[in-house]
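One structure follows; several queries about it will come next.
Note that the chains are named A, B and C in the order they appear, and that numbering of residues resets to 1 at the start of each chain.
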Amino acid sequence: MKNYLAISDIDDINSWIEEAIKIKARPLSDKKLGKDKILGMMFFNSSFRTRLSTQRAALNLGMNPIVMNIADDTWGIEFRNEVVMNSDKPEHVKEAASVVSKYFDIIAVRSFSNSANSTENEPDLVLKSFLKYATVPVINMESTTGHPLQGLADAITIAENSKKNKKIKVALSWVPHVKPLPCAVANSFVEVMQKMDVELVITNPKEYNLSPKITKNTTIYHNQEEAFKDIDFVYAKSWGFAQENVKSSNTYADWMITKNKIGKAKFMHCLPVRRNLVVEDLVLDSDSSIVIEQANNRTYATQLVLKKILENV
Amino acid sequence: MKNYLAISDIDDINSWIEEAIKIKARPLSDKKLGKDKILGMMFFNSSFRTRLSTQRAALNLGMNPIVMNIADDTWGIEFRNEVVMNSDKPEHVKEAASVVSKYFDIIAVRSFSNSANSTENEPDLVLKSFLKYATVPVINMESTTGHPLQGLADAITIAENSKKNKKIKVALSWVPHVKPLPCAVANSFVEVMQKMDVELVITNPKEYNLSPKITKNTTIYHNQEEAFKDIDFVYAKSWGFAQENVKSSNTYADWMITKNKIGKAKFMHCLPVRRNLVVEDLVLDSDSSIVIEQANNRTYATQLVLKKILENV
Amino acid sequence: MKNYLAISDIDDINSWIEEAIKIKARPLSDKKLGKDKILGMMFFNSSFRTRLSTQRAALNLGMNPIVMNIADDTWGIEFRNEVVMNSDKPEHVKEAASVVSKYFDIIAVRSFSNSANSTENEPDLVLKSFLKYATVPVINMESTTGHPLQGLADAITIAENSKKNKKIKVALSWVPHVKPLPCAVANSFVEVMQKMDVELVITNPKEYNLSPKITKNTTIYHNQEEAFKDIDFVYAKSWGFAQENVKSSNTYADWMITKNKIGKAKFMHCLPVRRNLVVEDLVLDSDSSIVIEQANNRTYATQLVLKKILENV
């Protein structure tokens, strides 16, 4: 594998999950693979789990991670072509990406639009620009349209927590939030579930449909209760901007996940999660919640991706 | 040892000092102990010596330190329970502490209140919350009520600079400052000196008494000159908030430490120190000052704590 | 070598270049030299290439780099002597430099004045203060008056790209910019070229002459076209403040480097570079541009400097 940009870069989800679970059992067994290699992590947005789990994954492989917060550590980067660069952005991505390719063996980039509007012309301009001008492999640590390291961790977590002898049913449920959020996590979750042998349903208020390019044939319920019938896993996530003129999230406060709604189903969320707005304490503090193990699997998902890239360098 | 949260976690100060001095003589002799282990350092406040000496200590033990400035690198963390999380703090410490326990082998936390009011209900809420929800050992890199890594380094420094054949006299002196400061360093210094075989006295303006829970039977002089009679070590530190309605620090400008006041006694301070406000240049620039060696000992104090925890993991 | 502060610390530029090119061919061959050593990198200003290439260089030598952004991670540092420290700068460089000498084996400092005025009394006060009070080697990662790691990388790049059988001609050309910039890069470039066996010329508007202490006998053309006759390398850099009452940079928009002006000459710039203001796309996107290789050589220049210091520690 050269780059890891989207769920579509996973060629065989079942073999990937199997390999990730092996890595989890013996995380230091490939410690020589990354020796003397540097992973450069470039953050255009804040990060908690991605920042830490990616460093852990790199260290488990013997790599040296170098972290850079672009805004704090350096300066603005220009992504438009053929402009006179007289703005507050003194460096062009053509140089930035070429140069970091000299210092890093693998580049990981987090950049998503805070006004994450799916109608934007080039929503993943930053990631795509690094991919275009970099001469080393590039990993997506979350872009406007996808968060494939999270999606892979989600798939591993569902596989680990599933009984082998039955087809499981998974619901992705939109949840209320204080502000509109990007669709990246939801998109990647839908895409990775579509690759797995599960029954996936999506439930959201009718104004909040994800892009049909993502959802394809997946059933969408605008009635949450209906979606949760016989459910095994409930994956909660807020998102916005899927359509113009969406109503305020507060309109749908009753979309919060409760113990009463999900019964014995496992509860998943990418974190950070707003308690008693997105999901009630009763769910998060119960055995139904697998959010911490899901976060733990971020390390092994990323370690698998790094391993596949390192084996190919 | 599981955690290091306060001076009370030191079971035998003399054996700890002895071991720290051995580590200082051969700092790399336990380099295998921390192999493949990650120390996560989480800063809710700025840090200079703690940030650097803790990284040095971890590297000396073969550990990989990962540093995170919570405010800059991530986002606000909620510490109250059973609230609807619709504020600017999108992540609860329950999740934050549980998750970092998956990525780090030991967690170190610095969080003290800038309005460090000892009447606050839960002055060490952040540290205590991490302790409660973390599943790996926790180290206090300074909380509102204590700075036990500094206190241990102080004890080592006094032991190194004491003659064996006499009982030494140590004075903790309040000093003027431009603003009220937390009592953490003063508290931990008093507590660690009370464990040692020294004569400890405290001197401060009468409005600035430390909490009686800390000072216990230690003699407090409101006359600095009296406290400094026959003194061997003067430890200067400003603090505030010990009582309500304290007068402005400027009222007590003459509490500054001078060469004339302390004579041949050794001068100590945790740093940073404001020259010619807290202590005159003449003292800091003389052989009486042992503040640099005191800062150096931060490395070995922390290395001892990490070693004791690693041996127990 | 004890410290690396200025181009004048290079004793023999030709042997340095030769050694740097050897390091570039086998960058990991001295991996044991820096074992258990810490390079402390202290940034008072933003940094991109210096930040990353210096970490890469340290890691190539087996060192552990520790990075600190002074403003974000710590607090203000006082550099004036004999003052009452009641301002917003709670730590004096006397303590700061002495203390970091206990935690780091080598200290690297970036600090340049943003109001980079060459008439300032002590333009390199920060660097010189660290040098004065540190007890370990100090490296200049760019000060107000010089950027000798960049200058060394520039010399290596010119050597690599020169034909052996002819004397090459190099022009340093002032270029327009949106704001006045320090003279550090230009100064160090002039100084290192004066050490090499090349014909160096400088070209700039007449108000923008560099300090005669730097330029010495080097020919200065106020006509760019004249300077570029038979040119082999064009090094573009904006600077200001060389003289009082300089005109706005916009007055000289036609000093931008174009393909038409430089023909087949190699184009160099320290980066970041403002496209279509400093140099047109046509130059940067052509084979004439060697700016990426120049940035790559930052790693090997720094690695050579670190190696020479480590061999002497």
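Methods note: contacts are C-beta pairs under 8 Å (C-beta built on N, C-alpha and C of every residue); 3 or more make two chains touch, one makes a residue touch a chain.
All figures in this text were calculated on a predicted structure; none of them were measured in a lab.
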item: Equivalent-chain rotation between subunit C and subunit B, CA atoms, steps of 5 degrees; value: 120
item: Interface composition of copies subunit A and subunit B: same or different, split at half; value: different
item: Geometric centre distance via CA averages, subunit B-subunit A, whole Å; value: 39
item: Set of subunit C residues in contact with two or more other chains; value: 72
item: Interfacial residue positions of subunit C with respect to subunit A in the complex; value: 28, 31, 43, 46-49, 51-53, 55-56, 59-60, 69, 72, 178, 271-277, 281, 284-285, 291-292, 295-296, 299
item: Touching residues (chain side subunit B, partner subunit A) in the complex; value: 36, 38, 40, 64, 66, 68, 72-75, 78, 82-86, 90-92, 94-96, 98-100, 102-104
